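I have placed the structure first, in the form of structure tokens, so that the comments after it can refer back to it.
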């Protein structure tokens, strides 16, 4: 049976969990590692405050200790508990925000972040600081939408496109979606902004595949080892 | 038929091209985009100098203009011609070094690079500068091995492990393989160093999949759009 | 009755709590705010891991909500839960590491940190990143001493002096004691190193006094308001 | 008799000197070190130009050589002569601007400065550069008020509140008062801006107390030395 | 015969080449090195794209190999091929943009750049990154003028003065002319902006003279060697 | 009569003044601006301390006010009084250290400084900070030679070559001579180190010529104004 990448949504929302799974679906491939998306049943309805952010670290660690997997993804775009979870397992652990920022840096030199709320910003700043790329943030625009609008399949699109364009006007050459649940709008945002838009679930999924494939490559890698090396 | 990711080795070496293809093989999945690895027949035997680095930009552009693909990877770990090629197509274009550095930043806050030769260093510094993460480079260690050793399936392993350990001693918490053709040694290097080792072909491959999946996700993304959004 | 500065040791150790109180004693003044040092009875014996670091945030918040005070100090030299506690009260909340680093920056342009263990380093790096002064860290030297040596009134002194001198050799022009309980050795370390040594309990205490005095000054501040202002 | 902290106003203004003393009064405590505020009788009426800034260094050094004290504060918010005065005595010497910036960094990650005049800015930039935190300056707003307004007990308050709010709008999460004589308005500014406001005389006073208490702690510090140490 | 500084315009434009020569004329002195300005006959009409930028590197190298000179200047304000040309000769090779930025840094701490087109910006950013001074760029303003206006002796002046003033309003304390051909307007821009304006041909010319004079000084430098040395 | 560039040695040493003049001689050209090198008769024998550094600012200003010139150079490699002197005249004022650092940045991305004494280092750090290039300093090596050795025409050469090589080993790709009086050894140091060596008197001289020529160019600049502009 194929390897499992355990994607843990640190909040308790079922619809949020389903949205993450939907975003990851296109990355799964038959025969390859499979993404299993779970939630912290005891988590808060959303990671909306610093207290939430700190508090989910321990349950995340405990779930990782309970649930063996080939790799783990913390499925919240402020990377809560990342350092702690990494101590709880020798397997790769990825944070969605760091992965999305990294992906943005492969496509452009300046990027903007579309946040959930203005209050998300200081938590997301921590990831920028940890990666050393705070000065590459061209702008930050919170959606500040009520949940019923945000989760509607079409309602938030116009707002998302507007803030994407606003970030480009501020110098962003790529855009990071700073919350989950917006995968269905990523293409529309990209079309509106004219720059790459990075969806964080998919960014983390791709990095988890990379972390596993890097090792899988070894098994049949004789050809690679015989190859010419340059720069 | 599935989408094609065109991976262009800017040098003319057939064995190098084969090595890149071998490194990418584990990332391919049935039904997903396929990696097609080609070489610049008119390229130099290796990108070993700044002149090589500048000179391959135009042939890369011309190949991209000739060959339609869903995404492109410049398969050399100093990202030659990247900005020019991006002007030659509206499709995503990825550089292996930027992708490998980005991947390292998702796993650690400081990384080291194992280079081909000491002379590769200033070219690779350009990518660090472009990404704004020069201060995150904990160390740089060139392999400085003769080609016949480097391309041997087992000969370079001890040297690779030694420099990986040296980088960890300098503070590296992840390691970027700074040349292609070493995929077969990545696991051994990781085991020796005790930190994640990033293989650049695979890093770029994963990022190319992400760039395409981000758009593919749209098509079946109704569930995603209906999902709860948080941070 | 005078204002209370509540100094909360997030670990459960009584001797650690006593050490913090002893370090703060010289800063208290009759008529001024008083330092009250308490511990988290439910805290871990020490903040020795990332899990400890994340886990104490919520009990810290709850204690702050329960215990009214004029200002709060989180009495651990990795500033656990700082952002969360700041959301739990409108009163000033100070972290010992940020205060000690700030104090070092008033005395010198490069500083070193003497840590408890090598594993403390990544947590302490977060504070440097949050303050934007990571490049001003000239060196980091962990004590790596067994607890029975560390808490002995004289045993750790020689080691402390040696690492202080080592940091100066690495370019440190001031030294931050990166764990509590070393106040009794600060002068000896300063004499050995020949540069200012910052004790974190006292640094946070001084900053808490400042946060309160800034407001107290208002009451009798007519003279100040009448004074000449320049640069 | 208690230790003396000599606070030297490098300008010759008596009212400015009185304002500094008034600002420091709330920090003094019976039995603790006492603040003695003096002026450079030969100094200029204000440190208003680079020439003033350079020129007061030597008289400051000479006063320090003449007047023994436990610690010294240069009482001007552009830290003139700081490095020179530090060579003139082995005792701690503190600059008000560095102390105020450091205090701001203990309360927030971005701060603004309210300057005396636009022309003060390049001098104050030197302190930011020396501390390595230039990128943490969210904004700079000069008061640009005539002296008779500035020294009026109530006249400058509205302007001060307005610029404090303007700095918050620019991203400041704490505010440094960049000239002396405004202590009487600090609370009003804080209330208007909703973020911590740092008064520089008091910031330097607190740091001077810390510098002395760090050593005083040694004498009765047996309990501290016996305490448990963590992180 | 005097030494020759070969100034190579990488584009094929005769009028552009003449403009460079005119800008350099005031730096030449009888008996000193002479500037000889040539063009790449096979170059593009202007370096207007990344492809142009990459493509001229090899012809520049070949010309340098063919044409012996005491020093070389690449006469385009995006420094194309600089690293490659430096490998093609042991003699000093200077890029106009780096020289102009360096000159600006000798006059001020923040500078602005007046670019040819908005699309010139990412290429010019590479030089800022290579020099490590990206954060010192106060603003970037493209002229975006049609060529017939740009090359008119008086037509572009008003626009140039306007953007120079705009850069000062953004914090620029010096201005770099980011394209050749504007030497005739430098004084007018300086007068309009009230800050130093750096003309890139002249900046590179001065640096080339320095590179040669440094060695010439040796010959008659006995007095220098006997002189007193301080700081 | 030609324009005068007044080069002011802020120390009182006649031999030092002569050494500066000797270093500048090769830059002078018949018909061009002339360098006139003077000393501060009331200055200290050398700028060897922070007090010296501060104290010469005012006499420098006064000399500049007394002596009309087309441009001024402060002839000491720690740029004392630079900001003050710039307020004393509308004419260009250049500091030797900033000019030498700028020149180094046109030749390489990392540089080392050869200092007079270890105690010169913090003063020279100020210029690096002001220019924003502190992280580009690969190493700092003081000569620490007695004056009679330093001023001997041949005695210091071996030491200079040794420290130049040491800086290259530390990553320097160019070297700044951090004191005057070494012009006679610049070529020998360059030959020993294999990287460009920048002599500060000449660097400042070249920048002063540039500052003047930029304006001179205007007069005969019709051709320039008619020229084609590109990037």
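Order of writing sets the labels: A, B, C, D, E and F. Residues in every chain begin at 1.
Keep this in mind: a contact is a pair of C-beta atoms (placed from the backbone, for glycine too) under 8 Å apart; a residue touches a chain by one contact, two chains touch by 3 or more.
Note that the structure is a prediction, hence the values are computed from the model and not measured.
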Chain separated most widely from chain B, comparing mean CA positions | D
Matching C-D in over half of the residue-numbered contact pairs, the equivalent interface among B-E, A-B or A-C is A-B
Which chain is most remote from chain E in terms of Cα centres?
-> C
So, what's the distance in Å between the C-alpha centres of chain E and chain C?
-> 51
With chain centres taken as the means of their Cα atoms, state the distance from chain D to chain E in Å.
-> 44
Sites on chain C at which at least two other chains make contact = 109, 122-123, 130, 135
Which of the residues in chain C come into contact with chain A in the complex?
-> 49-51, 53-55, 57-58, 61, 81, 83-84, 86-88, 122-123, 126, 129-130
Chain C contact footprint on chain D (complex, rising order) = 11, 13, 15-23, 25-27, 29-32, 46-48, 76-78, 92, 94-95, 98-99, 101-103, 105-107, 109, 115-116, 120, 123-124, 130-133, 135-136, 143, 147, 150-154, 156, 178-188, 190, 196-199, 202-203, 205-207, 209-211, 213-218, 220-231
